[in-house]
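Let me begin by presenting the structure, written as structure tokens, before commenting on it.
Per-chain numbering from 1; labels A, B and C assigned in written order.
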Amino acid sequence: MTEKILDVKDLKLYYKTLKGYVKAIDGINFDIKRGEILGIAGESGCGKSTLGNGLILLKKPLNYISGQANLNGKNIMNLKNKEMNTLRFKDISIIPQFAMDAFSPTKKIKTFISDIVSQHNINPDEKFFDKVRERLDMVNLNHSVLNNYSIELSGGMKQRLVMVISTLLDPELLICDEVTSALDVSSQRFVANMIGDFRDKKIIGSAIFITHDLSILYQIADRIMVMYAGHIAEIADSDTIVKNPKHPYTKALISSLPKNDVQYKDEQLSGIDGTPPNLLNIGEGCRFRFRCKYATDICAKQTPVQEEISSGHTLACWNYKKAGSDKNV
Amino acid sequence: MSFIDKLKKNDNLYFALRNKKVIIGAVIFLALLITALIGPIIAPYDYEEFAGAPYANPSFQHLMGTSIFGRDVFSQVLYGLRSTFVVGFVGGTLGTVIGLIIGFFAGYRSGSMLDEILMMMTNILLVIPTIALLIILSAYLPYRGVITQSMIIGFTSWPWVARAVRSQTLSLRNKEFVNLSRISGASTFKIIKDDIAYNMFSYVFMVYILQFAGAILTSVSLDFIGLGPTKGISLGLIMQDAVNWNAIQLGMWWWAILPGVVLTVLVTSLYFINTGLDEVFNPTLREM
Amino acid sequence: MSETIMKIDHLQKDFSIGLMSKKKVHAVNDVSFDIKKGEIISLIGESGSGKTTIGKLILRLLRPSDGHIYYNDKDITTDYKNKRDYYKKVQGIFQDPFASFNPLFKIDRIFDMIFKNFIESDKNKKEKINDALKCVGMNPEFILRKYPHQLSGGQLQRLLIARALIMDVDVLVADELISMLDASTRIDVLNLLASICKEKGMAVLFVTHDLSLGYYISDTTLIMHRGNLVEKGKTSLIYNNPVHPYTQMLLKSIPDIGKRWDKNEKFLPEDINKKIDDFYKNSDIKKGFIEVEDDHKVLFSL
């Protein structure tokens, strides 16, 4: 369990625009251990999807600035595209956002799968499809879907197919970007559980599960990493994040979520005032300070460093002790 | 704020002015347009005037040589360019406007009887070979001027615009701001104008450029097969004359080729602008 | 509670595919419910359940195939004119705040339109707008004369609420109002909406797929499945004692923060259709839409 599959150190990925750099990922540190599901949560624009996609493919205008992302001890940020190609699918694989809309409408699912794997030098013979069928059984899909067109399948079925396809080569690390967001609640639970299932059956080594929905993460992730505006706010195991958060942002975020026993007429939840800052050419300092009630002078001057406050619980905040003693968040 | 900063705020304009294709195309187009506008002033001769010795090679006296009748080809091209532009403007505008109106209404009322009828008309016109229709129409008109020709072209070239605009309208109509305007009591006309047409501006602009080029090419084809204006001069008519009098076989390449080169340059400049603008309006094609 | 202001009566909407085709899809099938003054109703369903279609029918963006909608005892489905009077009192907010604003115009346009079309005089226009903006927690100086892309999704949705406030509407159809907003902002938008309901007696039809937010905000809950209204009643009754298998399944699949799903429970979305069929078959004694307890009705057969 202690072996690190991915070790990210002070990674910076910026978008280059006409007006300067948008600092989407700005110096983050985290790791993923073998057999672990790491959840990444945050609001839109916090950099969670940029991180997921950036680990797989640096596509312009996204630029690698500095830092490391070591996959099995090898920094993948410096790899040439060709070298990276050999890793993709086998070592690291992604289910991108909206992947289920990417099925070609004019191809049968079987043809579609054949086309994809041929691009990765795999012969789509019957032996290969036996494996596909085996996987289809695991996700409770009928073998006949192979002969269907994508429009004949529901969203949940398509998302399960996407899962099967992206894990066919048993990747060490699977990145799932908002895989449950576009699904109905009824399919959501099945698809989310599937990722844990695949991990338990050792089909995938570990997974990164990116979503804006903390309550889904709590269901399936071993650890949760909360991001805010390109920085990491807090990383801890999921129970700690939900029940005992220390970072002011995590606290406010958790308390703004609807609970199963709270109704407006009895008790009013509160959100967080304000909006995340614009990341274009943003300077030093804590990026949450504009919405944080514990902000002090130091927050504006220095970016908080990530520190480990107890085993496996990391956070970046100058004033978390003050925030921690305040029960009324 | 410097001028560059101001420009950067207007993304489309900034990228348009940075795009080489747009710049090259626009420069050529404007140069030709100005040449056409001041054509009669700079033309050394009238287009029907006997200017000098026939069969003359291009020289300083006759920049594009002379025809078999001793007419100055350069002057003819200058005058011909004018009618070519007129056809482009009138034919292109007419085709675009008709297509837009039909496309907007069919798209906005899609699924209704109006849509079905309009689209049926469009599809019928689309499958009739336009050139055959033009030949018939042109042949029945005893007198054909440049404007008449432009109008005939305009009235037959709108169907694909209508279809394209309809599908764009259809996707815009389902946008929520259209619904908001509807429940705000805005009239259909206002919704089409403010919510649909304005948002399709870049698209319509490109459609117009293509229609402009298309009208020019169609008019040249008509001229070339002898259905051009019965009076006046155009690039197509010069070329038709040249071909009728076996200019190539007689070695008078300047008479047949040079007007064609001018025409090609004009149409190419329009396509340059069009592909360039495509890159400007579509952020994924932009070069950083 | 109090007086009913809108009555949805056996509403039906079929979509035929193509003008000539006979094939039909029942988007909304025989749906009836009442909207009372100042009440928040959440209309919950998955994609394709017909919940958005009901919203559009009420907003008269679509015409019903059958059935009636009564507003203040007046049948609006037969009255094709007078849309303007209707829109003065019944308004909507849509899902995507960014798509709700024409990107080419300043946001003031939404206010200009209602003043031009609904409010006779421009007198006190500025004051009215400023008051409404303050009420939704926004500073008019910073907000007005901006373009939509300069504002955040939460701010845009607040603007639309402010718009409804100025008009002082009776019924507001909020279609997935907060689904595009971030967790930290959506609860504030919901709170705002609820407080306005209380103060002004505005009724809200809160169309959503999010059961936990529906529970938080609403007095009454309606559950839709494939065009049918399968369960309706007081929110606490439905959430604590769901009868229809579909409702039960939905409630089981909510990810609840602080409580994990039972991993041993096999949870297959495909099973639900069979369960519903069995439920309809086995409920021989009870037919149709029947009251199981006070203020709680369930669909026992189609």
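Heads up, the rule we're going with is that a residue touches a chain if its C-beta (ideal position, glycine included) is under 8 Å from a C-beta of that chain, and two chains touch if they have at least 3 such contacts.
Just so it is clear, the model here is predicted, and its values are computed rather than measured.
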Leader among chain pairs (count of C-beta contacts):
A-C
Can you tell me which chain lies farthest from subunit C, using the average of the Cα atoms as each chain's centre?
B
For the pair subunit A and subunit B, the C-alpha centroid-to-centroid distance in angstrom is 51
Subunit A to subunit C, mean C-alpha position gap in Å, rounds to 31
Averaging only over C-alpha atoms, locate the centres of subunit B and subunit C and give their separation in whole Å.
49
Any chance you could list the residues of subunit C touching two or more other chains?
none
In their shared complex, at which residues does subunit A touch subunit C?
43-44, 140, 155-156, 184-190, 192-193, 196, 212-216, 218-219, 242-243, 252-254, 256-260, 262-265, 268-273, 275
Which residues, counting only subunit C, touch subunit A once they are in their complex?
46-47, 152, 154-155, 182-191, 194, 209, 211-213, 215-217, 219, 235-236, 249-250, 252-261, 263, 267-270, 272
Across the complex, what residues on subunit B touch subunit C?
111, 113, 116, 175-177, 179-186, 194-195, 198-199
Complex interface listing, subunit C residues touching subunit B
19, 56, 59-61, 83-84, 87, 91-92, 94-96, 99-105, 110, 113-114, 117-118, 160
